[in-house]
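Given below, in the form of structure tokens, are the structures.
After this come two complexes, each holding chain A, first together with chain B and then together with chain C.
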Partner chain A sequence: MSPLLQGIITILVGVFGCVGYFYAANLVLDKVIFPARGPHAGRNINRATAVRPWLFLFPAIAILGIYLVYPVVGSFVRSLYNRAGDEFIGAGNYATLSGDPGFQTALFNNALWVLFVPAAATFIGLVVAQLTDRLSWGNIAKSLIFMPMAISFVGASLIWKFVYAGDPDIGIINAVRDVIGLSPVDPVQIPFWNNFFLMFILVWIQTGFAMVILSAALRGIPEETIEAAIIDGANPFQLFFKIKVPQIMGTIVVVWTTITILVLKVFDIVYTMTGGNFGTDILPSYMMSFMFRDDGRATAVAVVIMVVVLPVMVWNIRQAQKEMR
Partner chain B sequence: MADLILKDVVKSYGDVNVLKDINLDIETGELIVFVGPSGCGKSTLLRMIAGLEKITDGTLSIDGQVMNDVPPAQRGIAMVFQTYALYPHMTVRDNMAFALNIAGKSKDEINAAVGGAAEKLQLGPYLDRLPKELSGGQRQRVAIGRAIVRDPKVYLFDEPLSNLDAALRVATRIEIAQLKEQMPDSTMIYVTHDQVEAMTLASRIVVLANRGIAQVGSPLELYERPRNTFVAQFIGSPAMNLLGGKIVGTGDITTLELADGAGQITSNYPSRSEDMGAEVQVGIRPEDMIATEDDNYAFAGKVDITEALGEVTQLYFSAPRPGEDTDTVIAKLHGIHRGLRGQHVKMTGAPDKVHVFRDGISLHHR
Partner chain C sequence: MDNIAGRNNGLKWAVNISVVLLVVAWLIPTIGLFVSSFRDRDAITASGWWQAPFAVELTFRTRADDAEPRRDGDSWVVEGNIFQTSEVADAFQSGGAEITGFGVIGREPARFPAGTEGETRDGGALTVNADGSYRYVTAEEPDDRGLRVYFAANTPPDFTLDNYQTILTAQTADERAAARAGGATFWDLLSDDEGVFRNFINTFTVTIPSTIIPILIAAFAAYALAWMDFPGRGLLIAAIVGLLVVPLQLALVPLLNLHNQIGIGQSFLGIWLAHTGFGLPLAIYLLRNYMAGLPRDIIESAKVDGATDFQVFTKIILPLSFPALASFAIFQFLWTWNDLLVAKVFLPSDDASKVMTVRIADDLLGSRGGDWGILAAAAFVSIAVPVLVFFTMQRYLVRGLLAGSVK
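Let's turn to the complex of A and B:
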């Protein structure tokens, strides 16, 4: 069977399967289990109404349970066992982790990523959104900045491997150094700063996302408040930082936390660029280095990542809900 | 003296001309009201004075200083918007203090100014609230307070009351009138759709229409001696009835014949001898229509609909002849009149209430 046909069949089965499930389940509920006739008609209607939401939610809850909750619980349980998975060692994996300098480096680097990438992407996105707003070619600029969003992390990393390449005929950094007479360097091997060279790739990808969301938010600001501020004597900077930014603070926070969560999951960039070498490991890439070799440790790292992400996630959802109200 | 002068002002958006030949002198302490049909350029004119829109041609001067290229903040104006335009993230106090903060005024100065404005507008208890925690009327007062704090020479209001409900609108209108009395030296320019606001607040009304100024004058001038048929029908509600007619006698008093066999009525409008026999439009306001038994009358017709409002009874006639400006003739009689529906009634007007327009222009203003 051709993949195209397969895809179409999957879509059809999925869509009509859903419709069929809702229709059939509803029918069974109303006609068979709680029929709206006989001596208990009124009571039956009430019961059917109480059951209906659960009936309709069941597929979603079941699928989420199987593919999200079970793995979380399973990973946690696995992290309490040894390398081979046959001996319960309690917090043993976590103890080993906390003593491992590699884990500490990964944790520290991850903290850097979490601080720098969302801040840089949000800030640049905000500034670009504001600057391109009034330009006639602003939309072209926006499309260009948004485009990296469509590139996979691995693809983006490959592009940046060229940018950072040591050969002055390929890498732009070394090309510039060459022109001013400096010898070539490998940016991803410069201790500490190499982290930022990697982070910049993600900033490059995520700025487009921040820009699009913030640009829409900026346009949503009532024009009159801006005109009132102009009459009140605000200069463009004051207008931006005292009138516009505070009014879209909620959106800024949502963008910021969304990128933060993404940052905590990124592994491809580090894996592709350095494989975690030269002191650039972050938690997900550190986890990968144990996967299939010591699943106990790998799952322990996974649990740590989840614990770190959870509060940000909760806050993010809260903010997003507040925005919608 | 904060005289505000508009001279030959033109506004175009690209090739589209919106306003032209705007000439207007506004004296210190006046309260000028701009009225006109929707889309006639009231807001545009106000925003040009504010500096939010570029003036395409002509000059705007305030206190003798040409303001065309002066930034809004330095024109000595303050503006109150229809949608209040409060800064949603700032408290009432910060909203009012914003302009002074920007101008780098001292804390004491700011507190004094904000306190004074808050007292004038009874906003004291709300100073630490956010705009969203206020009612519509309170928000509009904050917007006015924000203007007062800056102590501008000219206040600009763009339909400040149209987002309020009817009762609040009346109350706030009276507050604005009182505010104006407290500040006799400040000039106000006020845009509105509401006839009552215009009539009660204005020292002079500017009627805008067809990209220009149709007439400028005190409210009663516009009501009693409208320059043209547009102003005649725009000011007053229901609109003035316009009936076709012919001049049959000229002089200080004009004699008119409105329909064959309707006899003759007179108007206090003067006419020239060359007007003899001219086709004219004769205007009588609904409230000036008088029922008559006389053989000389302005209009006769069958009453289609009556509306008894207690205080007045409104009679609706369908206009019998084609070529008239009004489809429906309306008469507003004082008190209660029962059983008029379906009746054939003759109506006329007192000579000083009969307006005569030739080619759309009042005989008075030629």
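Let's turn to the complex of A and C:
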């Protein structure tokens, strides 16, 4: 069967299956199990109301349970076993990891990514949001800077492969160097700094995201505070740094953490640009080098990533609970 | 506001200029890829894409075989036009090229400037003019194959769809011409399993069910979390927020093993399920936030009028939540279309079932690493769809981002 046909059938089965499930489950609940008539009509209605939420939630909870909760536990358990998965070795995989220079490089680079990418993307995004705020063609400018968000990491890497190419007739960076009279270099092979050239690709993608959110936040600042500052004689820079930025600090933190989480997941850029060579490995790409080969170590790396994400997760939950109260 | 204080003309100019610079800097890489995808590989390596609208100097080699040698006194003379010689005639069909230099050995293809006389290896004299006309005088009778001539020519810019046709069908221009001559239609060529067109279709096959199915499941759950009262609701919402940030990497190994055990293995069904699972937290979160903001009056009056929860959901909540549904659909579409990790792990690794991203990252970058035209065209095919969706649906995307920006 061709995948295309299979896809159409899946859509039909999925859509009708879902609708059918919800409709039939409701019908059964109201008409068969707890019918709203007979001697216990009132009690039955109450019971049906108590059960219904779980009916609505059941498919979601089942899928989330299998596809997100189980793997967290499953990965942790698997990381305690050896390569073949038949022998319990406790923290063996973690011990091997901590002794592996490749892992240390990946961890160090990941720390660089986590520090640099969110900071750079948020900062540039904030600057663009402020600059375009009162511009007549601001929306066009924003939409063009936002555009890389739609491009895949693989596509973006290819785009930047052209920019970084060593041949001065292909790579624009080396073309500029050529004009100045410098010899061509391959940016992705310069030790240490190549990390930043890779990071910039992600900054290029994420700046639009930061800009859109921060631009909305800037618009939400009460006009009176700005007017008051202007009357008090604040210059544009004071206005921006002392009046506007403090008022949108909450949003800046949200943008920052969102990008941080993303950084910890992205393996595509390193994978396509260097394949982890030239000392550019990060945890997600380091994990991929064990995927399909040594599940024990791959899951151990995944657990390390999870541990790094954990504080952000807790913070997010706290924020969400605060909002709900 | 603009005319009050804190803003002067100079600053306005500075702002305008810096925004222009930023936009240009942000666009240049993409434009480079776009332009390169329409140039053939020789032109790409000969000059930068920013020079694409101008003529490029390329070197060619050919044989002076378009005219018969004739006797002139005690020497032989060949006169003809270099652009019409058999080896390069195809490349100069459109005309407009101009010869800058020529030579007779491969090491120095442009040793003599156009219009001057150069000495050939057999002691003869060769003159090639800028317009391509040449005159070759030699003492011995030239052989049938003609004199080997190298030359450099300014070739006018030539934009071609050849790269796109080559990657979509996985056949070179010559192979395509042969197949067409054999009676194959372009559609036959596209249907070839080797071509990227197959991967393009695969991407759609992965993306569309992965976008539609989570929406339905999430919508019901979001309604329950927003408008139904039951014990444990707060805990569930907190759990959803927590699951939003679970790194995908964690899910790969256990889920693949699970799929293998229950017989799904690496297949389209597996990746649909995986994308559904990974997309659900964001879907529920976005939709719940949106639904919770809907006016309470509407829902309560509907209930007073005797509507059941199911009816309230399908007749009132679902139509009202359209903007949120649209924003999630766009997110999920972009995310699944652009995904590399999930596709690498959950789809089989043969060429016929790869999606675009995997094909580009694993295949084209590896084996076609040096063929920039092909790479650019392939990348652009994969970028075009999401960018189109992005520009047409930007409103919903922005709204979704603002509603709940955690993924």
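Note that in this section the second predicted complex is superposed on the first by the 296 of 325 C-alpha atoms of A that agree within 3 Å, B and C clash if a C-alpha of one lies under 4 Å from a C-alpha of the other, contacts with A are read in each partner's own complex, and residues count from 1 in each chain.
Rule of thumb we're sticking to: contacts are C-beta pairs under 8 Å (C-beta built on N, C-alpha and C of every residue); 3 or more make two chains touch, one makes a residue touch a chain.
No experiment lies behind these values; they were computed from the predicted model shown.
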item: Touching partner for A:246 - first (chain B), second (chain C), both, neither; value: first
item: Contacts of A:98 with chain B and chain C, given as first, second, both or neither; value: neither
item: Chain B versus chain C as contact partner of A:228, first or second or both or neither; value: first
item: Partner chain in contact with A:277 - chain B first, chain C second, else both or neither; value: neither
item: Residues of chain A touched, compared between chain B and chain C (which is higher); value: C
item: Touched partner set for A:30, first chain B, second chain C, both or neither; value: second
item: Touched partner set for A:155, first chain B, second chain C, both or neither; value: second
item: Interface residues of chain A shared between complexes with chain B and chain C; value: 230-231, 233-234
item: Chain C-facing residues of chain A, complex; value: 3-4, 6-7, 10-11, 14-15, 18-19, 22-23, 26, 30, 50, 52-54, 56-57, 59-61, 63-64, 66-72, 74-75, 78, 128, 131-132, 134-135, 138, 141, 143-155, 157-163, 165, 167-170, 172, 175, 204, 207, 209, 212-213, 216, 230-231, 233-236, 239, 254-255, 258, 261-262, 264-265, 267-268, 271-272, 284, 287-288, 291, 295, 298-299, 301-303, 305-306, 309, 312-313, 316-317, 320-321, 324
item: Complex contacts: residues of chain B adjacent to chain A; value: 50-52, 71-74, 77-79, 81, 83-90, 98-99, 102-103, 146, 150
item: Chain C to chain A touching residues, read off their complex; value: 1-2, 4-7, 11, 15-16, 18-19, 22-23, 26-30, 32-33, 36, 44-50, 201-202, 204-205, 208-209, 212-213, 216-218, 220-221, 223-225, 228-230, 233-234, 236-238, 240-255, 257-258, 268-269, 272-274, 276-278, 280-281, 284, 308-310, 334, 337-341, 344-345, 353, 357, 360-361, 365, 372, 375-376, 379, 382-383, 386-387, 389-391, 394, 397-398, 401-402, 405-407
item: Contact footprint of chain B on chain A as seen in their complex; value: 222, 224-225, 227-234, 238, 242-243, 246-247, 249
